[in-house]
Structures are given as C-alpha cells and as structure tokens.
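Down below are the structures I want you to see.
Both complexes shown next keep chain A, but they swap its partner, so chain B is in the first and chain C is in the second.
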Partner chain A sequence: MKILVTVKQVAAVDDDFEIRTDGRDVDPDFLIHDLNEWDNFSLEEAMKIKEAAGGEVEVVVVSVGPESVDEELRKCLAKGADRAIRVWDDSVEGSDPIAIARIIAAVAKNEAPDMLFAGVQASDHSYAATGIATASFLGWPHAAVVSLLNYTPGSKMATLQRELEGGTYAEVELECPAVLTIQLGINVPRYASLRGIKQAAAKPIDVLTPSALGLAATDVGEAGSLSRVRRMYVPAKGQAELIEGTPAEQVARLVKIIQEFKGV
Partner chain B sequence: MDVALLGPAVSDQKEVTRILFEGFAPSTIEFFYLLGLSAIGIFCWGFYVQIRKYRRGASAGSWNELWSRARQMAQLVLSHRTIARRDRGAGIAHRFIFYGFLVLFIGTATITVEYDGTSRFFGYKFWYGDFYLWFSLAMDLAGLSLLSGMLYMMYRRKWMKLPKLDYKRVDRQPGDADYDRSFYRREDWAFLWTMIFIGVTGFVLEAVRLVWLGSDPHVWNYRWWSPVGALLAQVMASTGLSAEGAGLLRTNLWWFHGLLALTFISLIPFTKVKHIFTATGSLMFRDPLAAQRLPKVDLTGEKIGYNTITDFTWKHLLNLDACTKCGRCQEACPANAVGAPLSPRDVILSLREFANNALQSNALPDEVKLNVHGKGVGQVFMETLWSCRTCMACVEICPVAIEHVPIIVQLRRKLVEEGEMDPLLQKTLQTIHKTGNSFGESKRKRATWTKALDFPVKDARTDPVDLMWFVGDYASFDPRNQKVTQGFARLLHNTGIDFGILYEDEMNAGNDVRRVGEEGLYELLAENNIASLNKSTFKSIVTTDPHSFNTIKNEYPDFGGKYEIEHYTTVVKRLMDQGRIKLDHLLNYRVTYHDPCHLGRFNKGFDAPREILKTLGCELVEMARNRDNSFCCGAGGGRIWIPDPVGTEKPSQNRMREACAIEGLQVFVVACPKDLTMFEDALKTSGYEGKFVVRELIELIEEALTTVTEEEAVAV
Partner chain C sequence: MSGILVIAEHRMDELRPVSLELIAVAVGVKAQASGPVTVAIIANDPQKYAQALSVQGVDEVICVKSAVVEFDPDAYEATVAALIAAKNPSLVLLPHSVNSLAYAPALAAKTGLGLATDAFKVEFDAGALVATRGGYGQKLNVEVDFPGKSTVVVTFRANVCKPIDAAGSPTVTQMDAPATPARGQHKKYIEAAGGGDVDIPGSEFILSIGRGVGEEDNVEQFRELAQTVGAELGCSRPIADAGWLPKSRQVGQSGKTAANCKLYIAMGISGSVQHMAGMKHVENIVAVNTDPKASIFHIARYGIVGDIFEIGEELRNQFPA
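On to the complex of A and B.
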C-alpha cells in the first residue's frame, strides 16, 4: 500500500522586489522559498492514513525542481514520509503545469501508488492545474478541493467531501487509485522540528531525470508545455482623485474624465 | 560564662558522667542493640533505594571540581544564606533547628564513638569530667534550640496562613486526585510533632534521671550543667516524685524516647527528613548558570528532551527530592501571580511523586508508564509547561538549587518535537526558520532602520570595527524600538565610537527559541550568527537586547563562539565615567526602573542602569519587586509569541499596577526592547495611560544630551 504525495517549493516575494532582466519572472534574489502551504495538508492526510493503518502504508513525496527543493523534501521526510523523489534536469526548465503533470504521471506509473494526493494549488502561481492534469495523464478518477476524506488503505473505494462555491459541499465516492487535490483545513498539519529535518537528511531522496522516466525531450520544458509566461509585471497602481468644487463644477469634471476614458 | 553558677567544676573525676544503660539487664541491652541495628538497616535500605532511583536517571556531567563544590555547599548550608532570603523568620528558625540538630547529632555520635569504639576496644574513655559537663550543657542548649525552631515552624503553619505553604495545586481542580495534597501537610505535622516529642521526652528523661539518682553527688551536684533537665527535676522533686518512682518512669520513658528516635532514623530516607541529604546534595551540584546556559543536547540522538522520568539526569532527579516545599519559587513566579496553571513547586513535586512511584520499585515499569507528559496523576500538563516564561525567578530564589528552568525546557523540547504547542508559536518558529527573524521580514530589511540616520553605519562584515553591535530582532524590526535603536546609533556615533553591524547576516540570536525548546532551530541560528561574527573583525560586542546578550554571553561559547559582550548600559556607564558623554541638562524626573530578567537576574546587571539614571539626575524610586526579585514582563520563554488568555491580568499589567502605586511617578524606565513593547502596551490596556510614561533608558539619555526649551522638557 502506497500513497504518493506531490509537493512544490513555492516562492514568496519581498515587499520590494525586482523582475528578472528577461522580464519573465521575479529576480530570484528577492524570493523566499518555502513548502507550498497546501502540501502540508496533503502530506498530513497521507500521514494520518499511514498512522491509522499501523505501518503498512508507504508515503512517498515527489517534487519537480532543482536541488534547493531538497530542503522542502526533507521537511516532509521529517514529518514522517518514508522516502522522496525529485525529478530534474535542465530540460525541465520552463515547464508549465501540464508538463509538470506529465512528469509526475510518469513517476506515478513507476511507483504504482494506491492514492495520489496533491495540493489544490500552489501559493505562488495558483494554476490549480497540476493535480488534475496528472489524473488525466494517468486516466485515474479524480476529485478536486477535498475537505474531508474517508479512506482505508487497501479498499477499492474512497468517500470524500468536496468544497464547492458558496459554502456548499458535495459528497463523492470514487474508485481507487485516484488523484485527490487536498484543500487547506482538512486536518492540522504537524510540526517538523529542525532536529527532525536534520535527521531526515539520512533518509533517501531519489533524484531522477525525465529521460530516466522514459520521457522524451519534447515532453518537458517549453516544448512539452501548452503555455508559457510571456511577461511578468506589476500593474500600475490605480489612481484616485477627489473631485472638489460646486456640484456643477464636479459634474463638468466627471464628464471630462468619462470622455477621457472613452477616448473621445 | 560564669561557670560557678552551674555547680562545681571538676577536672578529672571519672564518676562525673552518665552511665549508659544504667540498671539494664544485658539481655535488654542486647535487645536494644538489635533494634538499633534494624533501624540502621532500614535506613541503609531506604538510602540504597533512593540512590538506585537517581541512578536510573541519565548521566550528568557534574562531577568536576568536587572539592570546591563541597566547600561552596558547606558555606551555603552553614550560613543558611539561601534559606534566609526573602523570609527572615524561616531563616532564623531553620538555623535553630539545623544547629540544634547538628550538635545533638555530633553529641550522640561522640557517645557512640566512646562507648562502642574507644572504650570497648581500647578501654579508653573521655566522656567524663569537664568534657562531660560542657557536653551536657551543649546538648541541653541544642535541644532547646531545636524545640524553639520547631515551635516557630508549627506557628507558621497553624497561624500565619502563608499562601506559599498552601499545597493545593494551581494546575488541578478541586476533586482531582492530586489536587490538595493533604499528605504533605500531614507529613509536615507528623514530622514537627515527632521532633517535639523526641526533644521533650529527652528533657524529661534527663530530669527523671536526676531525681532517680538524686542521692549520688556526682549526679546531683552537677545537675545545673543540664539546665533544662535540672529545672524540670526541681519541679518534679517539689511535687514529691520519689527516687523509686522516678526510676520506674525513667525506664518507660527511656524506651519511648529511644524507640521514637530509632523510628525517626529508620524513616529518614522515606520522609521529608531526607532533605538533609538531598538538599545538601543538590547544593553540592549546583550549577550557577542553570537557567542562563541551557543544557546542550545531541541532536543526532534518538531522543530529545524529557519524555520519560528516566530521561531526567540523576541530578534533576535529586533536585526533585531536594524540594522542601518552601513555596518561594511559587511566590516569585509571574505566571503563578496572574493565575496561570503553573507553580514551579508543583511541577517539581508532581515529578517527584511520579519518580517515587515509578522508580522506587525493584523493577522498572514499562516505558509507557514512565511518560511524564499527560493529564494523569503526577503527570505534567502541556498548559503548565507553556505557561512558563523562563524568567528564572524560581531558580534564583530556590534555597536548595533546584533547576526548574532547565527541567521545564527539557520537557518542552519533547513537546516541540511532537508539535504540541500553540499554532501561533508553531508559525513563528517556521517563520524564524524561513527568514531568520521572528517578524517574518526579509533578511534584507534588517538594517532598514539605519536609513533614517544622517550618517552611514559601518558594515562590520567588510570593515573592521572596535565595537560589533548585535542589534537583535525587536530592535531591528519593531517600529517603536527602531527609534530607540537609532538613538543608540546616534549616541555611539556622536561619542566617536568605531562601531558596525552585521546587516542582513545577523539572525535572531536564538535565546527565546532555545527557551521555547526548539533546540534544532536554536543551533541553526547560533551557528549562523557565530559564523558571521567569526568572519568579521571586532574587539567586543554590544547589544541593547538583554535576550541576545544572555545567549551570546552564556550559550554561544558551547557552540564555539567565545566573545566579549556587554549590554549597552555597561558601555554607556563607562563612557559617562570617562566623561565622553556630556549631558546638556539634568532630567529631574521621578522614575522607577524595571530590571529585565535577562540583564538583571540572569547576568547581574543591576547597577549600571541605576547609576546612569542617577547621573541623568533622575530620582529613582524602586518598586517593591526589584533587582533579583524583579517581576518578568511576561515575554520570556517564547511567551511573546503566544497570546495570553483574554480576561485575565497579564504579568505586564500586574507590573503596571505595582508601578502606579509610586506617588508622582513620571517615567517607567526599561532597558530592553521587548520590555518597551510589553509595557507600552500594558500601560494602555491596564488603564494607567496618562499617569506616567514608559521609556527606554536610551531615550532618557538622548533627552539629557539635547538642548530643549523649558516647555518641551515638561512634555514627556
């Protein structure tokens, strides 16, 4: 019995930051990295199943990214994941969520887990696409925004609750293996002490390349993506103006502004 | 003393002595010996069980410098310095008991040495004549001393109604099995009455012997050498007690007194009386930096912190048994004062009870039964541990050198490992891990405060400096404290000091992270800071933050960072003494001063801030709790990152109430960034706003340096 948990190292920007010279991302000098918040919850959900089952469940975390991602993987290992897989080589640079999903699906085919958990979305790019795209590559049943899960390892079905808009919920039953994207608040994630993180250095992190997973160069990177970031920018701040004067003057000014916007 | 008053002195009369077992048949004496040996046997067994209990704990490296430790311990025990602190009555009474007991013990031992030693084996006697008479007098006075001490202790318990002698627990509810702990009260009284009975029967025994042997001039003529006995004998004789009747009484009383004394001896290891050994042992292994320098642990090991009672070091197990329940720690504890479910004494006592249950049996119970965390009888609640502010008030006042703070932090280390903590605290720790500061600000913003200065602050990473300024989180990021930080920078700059800072390479110093119990994170912070400091060139370090000061001074050396560091108050005081800081005018404020725990109690920095205030022309009015008894603002031990329960008084508000009692108080002076934050907030929330203001000492210094108009000066 195995649960695969996908995790991502996300970036947060400083208050004052600069855009990279190519204009397509934030200058990495201004980024602070952390584990995606949602992933704390999906890992915790896997750990809860593992602990309730009493040891027969293997929890494997997988991430796509450069060496710095090991830091986040070690946090997951410190929280109790059994092993970690990281996929990377330079060809992966520029991948969009679809290409990333293709990589994860390849890992999932190798690992053959009984369940795959992903976070609903990543806090930096907020695509909310990787998990579901992975399900589509695998051809597995899937459920997004899971806020309650009832699953016993080994069983064919899982029942769960999905959070919908406007405070409604849907109760769903689906066949396993399945891909679930896990919502915040589904559980209380545990704390990984620094000591635990340090000790987790002894646990294995397998580093794989896309080609080792049987992916072609055209499957990953910009070649394997359906979208690319053209430009990253900070929108110009909105302007506000307090219109003063008599009512007549105010109306005159207002009309002028409207005409300016219409481009008359 | 006029010896003649006591009766004729003799030089060398062998008959002037007391014949042991006088009039007893040899079989009776043998029977008594049998009893005596059994009592000693039980004592030894009990002693062994205790030692075995301590040996079941983990090792502790405190066996070095045994001789100087023993000397210090003897000094403390003989002077009773720690027992008399903040409780003169108890100090005096305990001296009476202690010295009375000591003399009686030495006396009894002397008789044994003669009777069963020198006399039995070598036929050499010395317990007669002058020696005997002086001996009798000393024993009588010792008995009197012991009794009066005991009587005072009874009075204390019965009539003084001291809250600190109430053994009811603050972390349990009425009805809980271990709530009122009346067994301690019963034990106290049993002990007091036993000692009183032993003492009184001793005197009466002395008296009836005098009446019984009244016709023997070697006894009667020297009776005043045992003044109490003689007085009683006089009374007995006057009531018509015959020698024969006295003889009969003597036999009965002799057995009563003897059996009581033997029972007492045999029970020492099983009752509170064992503090004779445990307290001295605890003092012997006293660590003067117990709270200032927390124990370093091996992070690669299997376990961390205290989870089971066997994780405790033998020294901490001995500490548990040394507690005399005096309640001084509870009285000093700020968490206790505001009604938090924490009494340092109760933590110690409940762990003691736990250890006694678990570790005194022949076989060790299962690992699970040894877990000290939980809600069961004798276990320590998580809420209790998180209530502690690691302010060291308990450690500082404990007369028997119990190490509450390291024990509590060791227990917390386990909680942190399990993630059993307030979610906000968890967030803060993650933030510190991520950004290196508790504000969650990016590293690059650490020195933003320097931008407001009209001179550049040297980058000590690239330029050698005389003085390395370790700024600390609060002084760097908190907007209110930044003003103070800028003030100190101006002060250093204008005095012509060559100083610099580490800019974004400085991290949270880790003092509070360590006291939370996140040892892994602490090591990371300490190692990073030490690496940055080691890359720079400087002569000494200064900081305005007492927390950073403490950990750099006392704890960094354990990680290879040995520096000379001073709190700014020391530096400023010296500059003033050297005449390098010249005041523009005196301040004439009526002020009070709050000793920050980490500067005062932790590192004895009591005087420099007070002398600076004096130099500034302020009139210092002390609060009742000052210097070593200063009352924690409540921010220590990571509590600044954990919200206080709503609806109850916070320690800082309690402190404001205390300050407000000072008539005409104008300024409440602090010398710590966290204090400034805590007290400015408490001043508002406790409703004393407008009565006085809270100021950092640096702000007062700056004010005295600046030329101002009259009106501005009163507008503080």
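On to the complex of A and C.
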C-alpha cells in the first residue's frame, strides 16, 4: 500500500523586493521559501491513514523543483514520510501547473500508489490546478477541496466530504485509486519530533529528471504549459487612507471612527 | 474560434449569483471577442434557469440536460468539452468556485486548451487573450497569455464584476449532455452546524482577528477588546481551523458573510481572496497589519500599519467606558 503526497516549495516576497529585468517575475534574491501550508494537511492525512493501518502503508512525498526544495522534503521526512522524490532539470523552468502535473503523473505511473494527495492550492500563486490536472493525466477519479476522508488503504471506494462555499459540504463516494486535493482544517498537522528530524537525515531523497521519467522536452517548461506569464507588476495602491502617527495617535483616530459609527 | 462561452453554476435548485457576474464579464469583452456570448447551464432540469440567465448582451442560452442531478466532475468535464466542440469559443468563462476547481484543470489538460485560474480581469490584446490574476499571496498582479491557444478556459473570481440587471432576449436552445460512466457518487449535502449565539451575518460591527494573533493564549485579550468596543468577534480561517474560535465566527468564502456589517476591524489578517469574499463589501474597513504591503490595505478604507498587540492595548486604554 502506498500514498503519494505532492508537496510544493512556495515563495513569498520579501519586504522590499524587485521585479526581474524581463518584468516577468520577482528577482529570486527577494523570495523567502517555505513548505506550502496545504501540504502539511495532506501529509498529515496520509500519516493518519498509515498509522491507522498499522504501518503497512508507505508514504512517499514528491516535489518538482530545484535542490533548495530538499529542505521542504526533509521537513516531510521528519514528520514521518518514508521517502522523497524530487524531479528537476533546467528544462522544467517556466512550467505552469499543467506541465508540473504532467511530471507528477509520470512519477505516479512509476510508483503506482493507491491514492494521491495534493493540496487544494499553493499559497504563492493560488493556481488550485496541479492536483486535478494530475488526475487527468493519470485518468483517475478525483475530488477537489476534500475536508473529511474515510478511506482504508487498498479499498476500492472512499467516502469523503467536499467543502463548498458558505459552510455547505457535499458527501461523495469515489472510486480509488483517486487524486484528492486536501483542504485546510481536515486534521491538525503534527510538528516534527526531534527524533523525527534526526531520522529524516538518513531517509532517501531520489532525484529524477523529466527525461528519466520518459517525458519529452516539449512536455515540460513553456512548451508543455497552457499559459505563460507575460508581466508581473505591483498593483496601484488601494483606497486605504493610512492613519499615521504614534500608536496613541493612531488609536485616537480609530476611537473616533468607532464612535462615528455608533453615532456618539 | 470566436465568441465566449459562459458556464453558469447552480446548487440546491438555485442559480449561484456568480453566474450573472460572469455574464457581465463576457458581455464586457464581447466586442473584442468578435463573436456571440453563449451561456450554458448544465442540470437535470436546466429550463428553470433559462429566464434568469437571459440578460442583455447574451445571444444564446443553452439548456443542457444532464442525467447527473448533482455536480460530478467527470460529467461536467465531458459536457463542457462537448459545448466547446460545438461552439468553438475563444474564451470559456467558469466561476472560480469549488466545483470548477474540480474539473476545469482536467478539462484544459486533457484537451490542451489555454488555462488561467482565479483571474479577475480578461481582455483581448491584438486579438489574443490576456488574463490577470494575483501572484505571491496577491501582492502582485500577474498577466498571463496563451501562445498558440485558440480556446482558453478561465476560472473567474466572484465578487469582482457587477451583474447586468437588464433583461435580454437570447435564443434558448436545448442540448443533451454526453453520457459519462460514473466513478463518483454524490450522496448528500451537509450544512455546517449553527453557531449558537454568534451572529456574524447580522452584526453591524465586527472586530476580526487573523493569524497575526500568534497563539491561542492571545485570543482572550481580543475577545475582551471586542467586548470593550461593542463589536462581535470574528476571525479568519486559520483561527477557526486551529480550534481557537468556533467555526461560526469565521468570515469568508467557506464561513460567514458579514452581510450587515458597517464597520469591520481586521487585525492581523493578510486579506486573502477567500477572507475578503466575506467582508470586502463592508463600507468601513479598518485594517491593522505590520506589513504595509498586505493586500487587506487594498480594500480597507483606513489602514494602520502597526502591531495588533500594541494597537489593541492602546484601544483598551483609550476607549471611553
């Protein structure tokens, strides 16, 4: 039994950042990296299934990205994932979520897991596309925004809840293997233990290239993508009137705003 | 390839308002798309939505009869693919909703169409579609184009465009959805449990806290602060997910809408699209955040760049008893 969990290293911009000279992205020197928040929840969901099954489930994390991504993979290994796979070479540069999904699907074909979990979306660009596109390349059933899961490893059916808008949920039965995109709050992710962190150092991270997975140059990068970034820019300042001054002065104004609302 | 295809959305026998917003988006770029605006509704009883969708600027409403009663991603993917094959649109507009997320990327991946998700603007530049979306936690705007793609699927954000009120007189046609083998089965809808004495939708004054509170022990001082100033205490999702406050206090797309709110103080909330879905309409928003670039400042009326603990303490001290 095996569960594949896809994880992404996300990027946030530093306080004062600069746009790259070609205008199509932020200068990488100004990016701060972390593991995507959603992926903590999907890894935890896989770990819960593994523990409930008495350990007969292998949890494999996979990420598409350069060497710096190993840092996030180690975090996942420290939380209990059994091994990690990272796919990269320069041809992957410029990939949109669909090209990334094609690579993940190629990994999944090799690994033949019983389930594949992705996050609903990544906090950097909020595509919310990679997981479901992966399902398409695999030809697997899929469900998006899963907030509750009932699944026994090896079972041909899973019961789950999808979180819809406005506090409504849909209960769905789905054939497995399937791709699920996992939503925040489905569980309470664990922290890595000191022992886990030590053990992680000894666990393997396999590094693969797209061509080793049987993908052609046109399957990845811009050629394998359905969209291309043309320009990035800082949006014009919003309407907010900034209340300046010391905290005491700022709050004096805030008190006025509250009292105006109350008609005092 | 020309024209625009809009896929309307419904749930529990009701048309979702975002459908009419998308029609407005489509009508807005109709001239540039040099073709008709076609609106499709996929349902077991699609006719009942036809009139509501017949607004000014729409050329055709297609009532697609589907054997599948509730949303199913495979059925929607196959049906929208059939609609695209029939209409050859240059732009396919879907709401950026939880249901669209479940099939739009699969549709685009399978048929090799252009794809942009969560766009808040579309335009044609010299005949080629350009979509604008957010990047790096909505701190930047990102323009994407679709080289070599004659049909592009765009999932478009809700609450961006005003719906068109004026009625139109499109032709209403019918189509049968292609049959798809079922791999999933909708069982039932479940409504979140009620919130007891918490009334976010009814409150006129809400003070909401976000991840900026840092830890659970810090929540209490903001509960007291809300009481001091006479506001209902609300929160962003991470606070509810962590169990620090009940879900009934969560404002946003998957929580409550601050429907009657006139003053909303957001403390330590970054301003994600999903949080703003529940409060960005409020006339008076005051945002307190240490990050001057937080996107909440784009929709707030007043901004305080500062620490919520410091501002909170000042407010407690200064607020007249």
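Following the convention adopted for this analysis, the second predicted complex is superposed on the first by the 230 of 264 C-alpha atoms of A that agree within 3 Å, B and C clash if a C-alpha of one lies under 4 Å from a C-alpha of the other, contacts with A are read in each partner's own complex, and residues count from 1 in each chain.
We adopt the following convention: a contact is a pair of C-beta atoms (placed from the backbone, for glycine too) under 8 Å apart; a residue touches a chain by one contact, two chains touch by 3 or more.
Computed from a predicted structure; not experimentally measured.
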**Which of chain B and chain C A:101 touches, first, second, both or neither** = second
**Message:** Which partner chains sit in contact with A:15 here, chain B, chain C, both or neither? Use first/second/both/neither.
**Reply:** both
**Complete:** Between chain B and chain C, the one with more contact residues on chain A is chain C
**Request:** Report for A:198: first if it touches chain B alone, second if chain C alone, otherwise both or neither.
**Result:** first
**Item:** Partner chain(s) touched by A:190 [first = chain B, second = chain C, both, neither]
**Value:** first
**Prompt:** Now for A:135: first (chain B), second (chain C), both, or neither, which partner does it touch?
**Reply:** second
**Prompt:** Looking at the overlay, what does A:228 touch: chain B (first), chain C (second), both, or neither?
**Reply:** second
**Request:** Return first, second, both or neither, reflecting whether A:238 touches chain B, chain C, both chains, or no partner chain.
**Result:** second
**Complete:** Dual-contact residues of chain A (chain B, chain C) 15, 188
**Complete:** The residues of chain A that touch chain B in their complex are 14-15, 30, 32-34, 188, 190-191, 193-199
**Request:** Note which residues of chain C are touching chain A in the complex, please.
**Result:** 11-12, 70-71, 73-74, 96-99, 101-110, 112-118, 130-131, 133-147, 149, 183-192, 204-205, 229-230, 237-238, 240-243, 247, 253-257, 262-263, 265, 273, 284, 286-287, 291, 293, 297-307, 310-311, 314-315, 318-320
**Item:** Residues of chain A defined as touching chain C within the complex
**Value:** 11-13, 15, 26, 96-98, 101-102, 120, 123-133, 135-137, 141-145, 159, 161-175, 181, 184-185, 188, 226-235, 237-243, 247-248, 250-255, 257-258, 261-262
**Touching residues on chain B, where the partner in the complex is chain A** = 299-300, 304, 416-417, 419, 421, 423, 426, 429-430, 433-435, 442, 444-445, 518-521, 523-524
